[in-house]
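See structure below.
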Amino acid sequence: MSKPRVAIFDFACCEGCQLQIVNMEEEILDLINLVDVVEWREAMSEQNTEYDIALVEGSITRPEDEERIKEIRGRAKILVALGACAVIGGVNKLKNRFDLEDVRRYVYHDDADMPHLQTAQTKALHEVVDVDYKIPGCPIDRKEFSYVVKCLAVGKKPEIPSYSVCVECKMKENVCRFEYNEVCLGPITRAGCGARCPSNGFWCFGCRGLVDDPNVNAAKDVMEKYGKTIDDLKHRLALFNTDEERAHA
Amino acid sequence: MSIKKLDQAALDRWVDGLIERKKVVGAAQRGDHFSFGELTSASELRLDYDMSILPPKKYFLPPTEDLISFRRDGGFESIFEEDPMVLLGVHPYDMFAISQLDTLFSEDNDDIHYRKRREAITIVASDVQTASEDVFAGCMGTATIDHGFDILLTKIGDQYLVDIRTEKGQAITMGFGEMPDATDDDLDQRERLWAENQKVLRKHELRPAVGYLPKLLGESYDHPIWEEKAELCFSCGSCNLVCPTCYCFDVQDELNWDVTSGHRYRIWDGCMLANFAIVAGDHNFRAAKSERFRHRYFRKGKYIPEKIGQTGCVGCGRCVSACVAKIANPVEIYNRIAEGKE
Amino acid sequence: MSTATVAQMDLAQKDIYLPDLATVTKVASMTEMEMFLEFTLDSGQELGHEPGQFVEVSIPGIGEAPISVSSSPTQKGMFQLVVRNAGNVTNAMHQLQPGDKVGIRGPFGTCFPVEEAMKGKDILFICGGIGLVPVRSAIDYVLSNRSQYGDVTILFGAKSPAERLFTDEIEVWKARDDASFYETVDRADETWKGNVGVITRLIPPLKFDPLNTICLVCGPPVMYKYVVLELWWKRVPNESIYVSLERRMKCGVGKCGHCQINGLYACQDGPVFKFADIIEVPEAL
Amino acid sequence: MPSTMEINVHHVTRVEGHGNIAIRATDGTIEKVEWQVPEAPRFFEAMVRGRSYEDIQTIVSRICGICSITHSLASLKAVENALDIEVSEQTDKLRILTHYSEQLQSHSLHVGYLVSPDLVGKKSVVGMLGEFGDAVKTVIRIHRVANEWSDLLAGRTTHPVRLKPGGFSKLPTEGELRELKGMLEKGVDDLKALAEVVLSVADALPDFQRETEYIALIHPGVYTFYHGSIGSTDTAELVPISEFERVVNEYVVPQSTAKWTKWHRDAYAVGALARFNVNAEHLLPLAKATAAKFGLEKGNTNPYMNNVAQLVECVHVVEASLQIIDELLTDGIKPEVPKVSPKAGEGAGCVEAPRGILFHRYAFEKNGICTGANISIPTNQNHGNIQKDFEALVPQIMDRDQDEIRLLLEMLVRSYDPCISCSTHYLDVKFI
């Protein structure tokens, strides 16, 4: 069996997900043993238009980026969205809460009309092309990434948890963030991070996106029980899940 | 076997001595909560703890546990990860739960992964000194216990009664030094403390008798409470995960980087999670939140009792505290379905 | 159980999660979705199953899945499975070639009562889609011991002609004069000359003695209620109806909880249930 | 027939973000020399409006995956400045210790993975595995130490979790700090080994000089990354952080979605070499010795030497951290819970990112909701200087082979360790 050829691409993002691949440290050697990394601008000068698997980080914010992701999709047998920006739009979608003209002017003032400073509504990859698999998180979890790569190498469909962060948070034996009177998105956020933030004393802000069927009614009720409002919840939800926050508005 | 008496200083000396020789795990304060963890000194042990976030179940059935290793070209081998330790300060309701797991993992098909861990652990139980906010063991008949443990510690005044029940218990009593036997008066005091704990560990009052729950539930399958409570359920599984008697698990394969070898492990699962009863092809046999919610209370109050003759809920109250939506109080639910009956 | 008793138990017992090795001896594509596979255990032993039981099949690294045994224990030296490509394990099983190794645990669960309740009775098999897979084991068993049973009737319904299973064997069953075979498809195509419609339509025209007939029913979840209703119209007692139910049997040994049907475990108390035993079990059908 | 030379590097590789090089010359006359930044702008500064002061750190750390801790710290200092929040000495020390982990993370990644292939004539670190396998493994070990160090203090290597207004959401234990100390002590040996390897190929660093202004934080008596005021090699004036806009003077150019900056000259440089040129006398002994090995002295004007300065800083931050850990262990870790209440206010914060000085400014209304922000990022501040370097370098190397020109220009860009996705994420707002 020949090694699958993998290419890594990025769109609007912080490139922190690619960095997690670098951060695999010694395991990178295992990774390149298992797959042929044929293009990876951040780490390699080699370039190649022939690949089987495209790992794509970042969200789509300009018409020319739409064209580029379509081309990548066209070449790749399997397209994997890497990280919150690619999977759900991530913090980049905060932009969509504003009028784009206002956003551009706010940043570039009188120069805002220069053609290269144009921008469009932020989109997650699946809003532009078909995405085969999604590795959520901001940034991606290295263990989960390794798991997905190994699955793809043996033709197994990777399973990303469908349950909430609370499951992993309980396994870590953390005190619930609600006990500290904090607004935590753990109960409605997809697990897989090992409850990283609550385990470090911080609330979950939903970077892995919501579970398939989040109970928004319950969320409302819970906010009241803890002396918070649904607006507090929506405020936090907007960070990574602007679309969801608006859908439930 | 025998019941001895130790003061706090002697107890500490004994625990410190144990720590030198063995892995000793006990209830201790970690951050702003109590949990079971490895002790490095007797001073960390808090026998006056009220409740640990997770029950000591985590040492018998860890959140994840390797079961077998495999090679893709065929070949499977068992992995056993028994972890010998002395487990200090197990409360009666948790001891009750451990005994229940012993039964469930051994009957029909003996699970030797569980059993090897179980046999490697010596349990020093401890009568409750501080009642937690949500405990209702007094209503479930689990506030005190007289079997299952190797040693039971009971604090009477400034002394501990040390009730040694098994050879395993006897084996770790080296280092006690000269110890007086408990007197009849001591034992009377222990009886009184037990009676008192039956009353104190009742922060929620279950109105129907425990033994009546299976019948009561049998008549309440279509009770409106399931829909009503599930309306606010996140399906987050917190109640499952903190429960000392929940033992459902999922099984997964993990490949090594060579993708020709790896291991199979089990990981805690929960019947409240949305996809728990899903089958290949995506049909979900318990798709509705209310069905899952009902299943959990039936399992604790009916299915387990009908299977092994014991309550499946030991009244620790962890689920009551862990549920952010505050809908998981078994007492409230069982009381509701008992309304208007007998 | 007290710990003292636990300590006395034999530590050398078999690990219930440890698969035995088996080798693929034959593969054949049955439909677009279903693959037929034949195995022998590397130990040289018989699987030792009863009709209706299942095994847990391991594809190392991919996972484990419960699969009904489709062959009759009367066929020695091998066992057969038919798998629909519906998940990771079954997808990997579709790639298997003769000589490949898999892990097998089991057989597990209850069986069709071919040796007890069915002996001397008329038998009615009702199979929808891949429900034919486990029932085939019982059909073969009964036909191999034909003299010990009364009338034998087999009903089979498939979604479309292309999804019919065991088509060669169906021709054999049809040709037998000591058994009746009727089938239907939900949706016909231009090649199909037979019945069209759901399987329940095959039941009303049947003439059989409801008090001397054992009915074995297996099919998709939605099928059971309608089939049972038709059998009730025929006055078949609940005691005489056996169903085989699908659940997610992860461990197969009554521990993991996934296959629970109210208080019952599909892997231990089932997958074959006497209908009378589950009529009060709301989650069953 | 006129001879035309055209170099178009569409996306310089082995840098963070997208940057292009465009050179055109006909008959030896340079017609175009451009450093272009086509990275998609993300408008962070506009996006934080309407967000709570509690969430600012969470959002703006996402400006950059590589210097997320730095962005968190700059934003926290700005938020704390705006809301009048005092932090304890322990918090300061732990933050600096956290910050140093990122300096090592980023520098070892840059020097070890991204620059070193150029020095040995390879296209990527993967290509180095055979011949330089041991060196690569040394780099990996250093990088892993840096990441585990960040994990320990920040809860994660990328996008820190524990850093919040007023302090930490969770503190390390003394036992963990002792473990860290052991890790860092071992790391010193790996750093020494790495320095030897780089030294053995340092001839590959081009000898190119161009005088420019260097800007970095200055704080009395220390080689600072965290405290201080804005200093420059062109002036003795120290500018308070609150007046950073006076230093950066941002402007927009047609070839870049990132803004450019200038102060006393038409461009200035920030980063390791700038810090070295401003603060070299405060380096700790082993770092000083490392600089001496490479002949790196204060006043160096070769931008390619930024990579050596980074290596020197790797040594310095490990030395400095061992001191901080000792102090923390002597004092003991005291439990502290950050207590913060919102108010109206406006404030600025500054820290040194691995690639240069970084400024954040925010304004809040009384419920702690952000009303405006201004962020000025080091790579922005270097873009103009990169362009000026190009303009000076290209005529000097015009006669060389195109591939060599291309390589030298790419190496020049890489030497700045640009964080291009960062640089397109800033904004500028006028506060009233």
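By written order: A, B, C and D. Residues from 1 in each chain.
In this text, a residue touches a chain if its C-beta (ideal position, glycine included) is under 8 Å from a C-beta of that chain, and two chains touch if they have at least 3 such contacts.
Everything numeric in this text was worked out from a predicted model, so none of it was measured.
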item	value
Path length in steps (a step moves to a chain that is touched) from subunit B to subunit D	2
Reaching subunit C from subunit B through chains that touch each other, fewest steps	1
Geometric centre: closest chain by C-alpha means	A
A-C or A-D - the one linked by more C-beta pairs in contact	A-D
Label of the chain whose CA centroid is most distant from the centroid of subunit B	D
Between subunit A and subunit D, centroid-to-centroid distance (C-alpha), Å	25
Centre-to-centre distance between subunit C and subunit A (centres being mean Cα positions), rounded to whole Å	43
Rounded Å distance between subunit C and subunit D, as computed from the means of their C-alpha atoms	65
Centre-of-Cα separation between subunit B and subunit A, whole angstrom	37
Sites on subunit B at which at least two other chains make contact	255, 259
Sites on subunit D at which at least two other chains make contact	none
For subunit C, residues contacting two or more additional chains	61-62, 87
Chains that touch, pairwise	A-B, A-C, A-D, B-C
Interface residues, subunit C side, partner subunit B - complex	1-4, 6-7, 9, 11, 13, 15-19, 21, 58, 60-65, 84, 86-87, 90, 101-103, 221, 246-248, 250-251, 253-258, 260-263, 268, 282-283
List of subunit A residues in touch with subunit B within their complex	27, 30-31, 33-34, 146-147, 150-151, 153-154, 162-164, 166-167, 170-171, 173-176, 178, 186-188, 211-215, 217-219, 221-222, 225
Contact footprint of subunit A on subunit B as seen in their complex	31-33, 35, 53-54, 58, 63, 231-238, 241-242, 254-255, 257, 259, 268, 270, 273-275, 289, 322, 324-326
Subunit C partner contacts - residues on subunit A that touch it in the complex	154-157, 159
Subunit A partner contacts - residues on subunit C that touch it in the complex	61-62, 87-88, 91-92, 95
